[in-house]
Amino acid sequence: MSQKLFFTLLAVSFAASGVAHYAGMNATVQFILSCIAIVFVAGFLGKATESVAHYAGERLGGFLNATFGNAAELIIAIILIKDAVNGKPMLFDMVKASITGSIIGNMLLVLGLSLLLGGLKFKTQRFNVTLAGHNASLMLLAVIALFIPAVFAVQLPEAKTNTLSLIVAVILIIAYFLWLLFSMVTHKKELSDEIVEHGEAAWSRGVSIVMLVVATAMVALVSEWLVGTLEEFSHKFGLSELFLGAFVIAIIGNAAEHSAAVMMAMKNKVGAAVEIAIGSSLQIALFVAPLLVIISFFMGNTMNIVFTTYELVAIAVAASIAKSISGDGQTNWYEGVLLLVVYIILGVAFFFV
Amino acid sequence: MSQKLFFTLLAVSFAASGVAHYAGMNATVQFILSCIAIVFVAGFLGKATESVAHYAGERLGGFLNATFGNAAELIIAIILIKDAVNGKPMLFDMVKASITGSIIGNMLLVLGLSLLLGGLKFKTQRFNVTLAGHNASLMLLAVIALFIPAVFAVQLPEAKTNTLSLIVAVILIIAYFLWLLFSMVTHKKELSDEIVEHGEAAWSRGVSIVMLVVATAMVALVSEWLVGTLEEFSHKFGLSELFLGAFVIAIIGNAAEHSAAVMMAMKNKVGAAVEIAIGSSLQIALFVAPLLVIISFFMGNTMNIVFTTYELVAIAVAASIAKSISGDGQTNWYEGVLLLVVYIILGVAFFFV
Amino acid sequence: MSQKLFFTLLAVSFAASGVAHYAGMNATVQFILSCIAIVFVAGFLGKATESVAHYAGERLGGFLNATFGNAAELIIAIILIKDAVNGKPMLFDMVKASITGSIIGNMLLVLGLSLLLGGLKFKTQRFNVTLAGHNASLMLLAVIALFIPAVFAVQLPEAKTNTLSLIVAVILIIAYFLWLLFSMVTHKKELSDEIVEHGEAAWSRGVSIVMLVVATAMVALVSEWLVGTLEEFSHKFGLSELFLGAFVIAIIGNAAEHSAAVMMAMKNKVGAAVEIAIGSSLQIALFVAPLLVIISFFMGNTMNIVFTTYELVAIAVAASIAKSISGDGQTNWYEGVLLLVVYIILGVAFFFV
């Protein structure tokens, strides 16, 4: 597809979806238009990320993409928390379900598709094995930090559970910033991939960054429009709120990571794909989720960090298989299949509950 | 022992055990005769596997052995399911116990003995580390696939649990066939051991294959005769059905894998020993168990895939220690000891329940 | 600090603390004096260990240190068990809490501080990766051996639980001695670090060993004096017995390991630091704890090996993060941070219960 045609379709689909949303059109129309739009804005974000990654190196590019990709999820969650504080406490459960869905969606669906499609093209793909080891340890920290409050909260009164949640949240955010210090400053070199890139960038350095920001904003907007239509659909198809939050919303909210990661993997830059998928999961678990706990506290009604058994099992399962597969710094199509298989099994189980 | 003497003893012990079984002799006589026979038929199977492995390469040989070794278990389980469908539903529990026992027996007892005996002869034994990584990921998939239905089934009505079991079973069988495609076709070379074999085969290629089939059939028959005598013995010695299914039946049913794997390890072909032990476990978990669920559905009474907490703990524990030990592609006698220690602890715990 | 000044302060602080203890002075005075003393005796033990390690090699030195470090804990536990058998059965819980605290304190606090402080000085520290793999498998065995009795004990009568505990204890001690045989005799070379040491020893070989014994005895004595003052303090500050046993007593009881391990890491001998921290944990789990079960049996009132859910979660969490971090034989400051973060989260959770 030529550049010109792509940007025309991007503009048209985005505008149509926006008009449908703000004019309050029929939900089915809104749904279809926003689905079409998300394909193009996600493709745009993929292009922009790739261009930035050209200048920034694979890993910083991947980090930027993960961050911009999670901005949308953060915004949606804050809106839900605002409503939860103002008298709809069950929305806290929806926030946690979407956090769960985001973590497992990135680790299993995004990474799985990337490894499968990348692996069909390239027999074996390689990335920095030291980074893989650190990612695994951080994933484990995330799982531990979510499990411990759940285990101990069973016998604690609500006030203590909230205090425990806040303390754990603060500790996790500190750990996350120290990780950024470690991976971007003190040990930047040890964690970077050795592959030298010779691709061409679509734009200059400055324009690439602007494009990345614009693309992220567009993805966030379209995601929100799409999410707005979901409730009606879930009732039509009889989907539970847990399934809706953990699978439907999460898949759409991660469209940006999807397109970017898959595109990277298909260009044999599997290090960037892993960074986007795992990095995004880690950011959700170690930064976004704790931040939401703290924000809810300042809004006057603390959301605790206690997830349901189903959610904890899903996160633990996703982290362990992703750790096992990414541990050797080598990937192939079958490892993508394994991740997708676990995602499908989880999806079926959540659907039935 | 000369070839001639061996085959004479094989024929005599096999015939004696068969006569005792079909003539309905005293249970003690049947038990002793079938125990003697199993030693020789298992030895025969070991010889045949080794000869086939000579032509087929270590891994394909290991796979063939694992498959032929599991044929016996599959046949016994189908017979039990037929009875279960016809009014003895508690036999479903016996089937699951023997599946559990087969998985942990292969991972802990067969692999443990192989590593211990191989390790006493050779200081450090090595095998393909990429294969080890994939085996570990597949083991994890097996554990996940058995845990998720058990976690979610707690709150599900029976009909939904059965549907969930069937879906998971179909997904696992697809994943298993894709694994065969991956390991035998697209990435065959990456997963094979580099050691060149210079041993001599006992028979020509064609005769070796015939011998493998004949030996497997003999093992299956003698196993069944032996299993038939067990109920009387379990009552005499006060063993529970869980212990009987998970330990006694499983040890006897795995006699073939035992002899073949240990023989390989003692010839420093530890890659083949691992393939037999782990490969057999994986085949039980990812193919035999799901197949039994599907077969039971077509027989008109679905056996769900929900295992008891004890069984799940045993499988998870076995998989995690086997993963930890085989992860580096190097083995030694102490790693065999560790596997056997875990097997003994599980055995004692199951004995007491 | 000059040698002379150090030994003067060591003698004075040790004597003052001893006088305060045996004269039964005010608890606050005793507490402060023993805290000062512990700093110096721990420093003395560090010096002695280093000197012995110079002659014995990093690993044997580490093993000696771990053993001498745990002697204090063993003595304290036996005193508690004696009281428990004589009518205070709740002291069994205190023993188990301090075992838990010792295991997680070594794996998380001692190892975490060592990696953090060593890592701030040296960018990447390395140690024998084969040893790391074996340590991980042993840690897993320890976790398994503590989990299985707890899972099965739920449905067992007390007598059977005690028998199961005794059998598991005997199996673990056998496994631990086989490990010593493996790591010190049959595979000594494979597990040793390749780094050649050129440091100077403080004393001759013989004097070093005497100093190690003397230093360990002094640490044991001061630890006991300090522990004696704790009950009063815990009441003042409202600390639970679980928190007291698992954190306060364990931190003080591990002072020796602390000082020795950190000192080693800061001299870039991270292999010795890991051996002290992980080796000490393993010794507690695989030797000290089972030995206490057997000792309690001979004292006439068996202490079972069933830990609480909180304790099991803490041990499992500590083992899994320590395994993940030490698995690649490389360490850095951020890995120290991760261990400390998990320790702090556990500490907060135990504090709230």
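By written order: A, B and C. Residues from 1 in each chain.
Criterion: a contact is a pair of C-beta atoms (placed from the backbone, for glycine too) under 8 Å apart; a residue touches a chain by one contact, two chains touch by 3 or more.
Which protein is which chain? UniProt says A, B, C = Ca(2+)/H(+) antiporter.
Please read all numbers here as calculations on a predicted model, not as lab measurements.
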Query = When you draw the chains as points and link the ones that touch, which shape shows up: line, ring, star, complete, or other?
reply = complete
Remark   = To bring the C-alpha trace of chain A onto its twin chain B, one rotates it, in degrees rounded to the nearest 5, by 120
Request  = Please compute the C-alpha centroid of chain A, do the same for chain C, then give the distance between them in whole Å.
outcome  = 40
Note = Residue numbers in chain B touching two or more further chains are none
Key: Interfacial residue positions of chain C with respect to chain A in the complex   = 123-124, 309-310, 313, 317, 320-321, 324-325, 327-328, 330, 332-335, 337-338, 341-342, 344-346, 348-349, 352-353
Request  = Within their complex, state which residues of chain A touch chain C.
outcome  = 130, 133-134, 136-138, 140-141, 144-145, 147-149, 151-152, 155-156, 160, 163-164, 167-168, 171-172, 174-175, 178-179, 182, 186-187, 190, 323
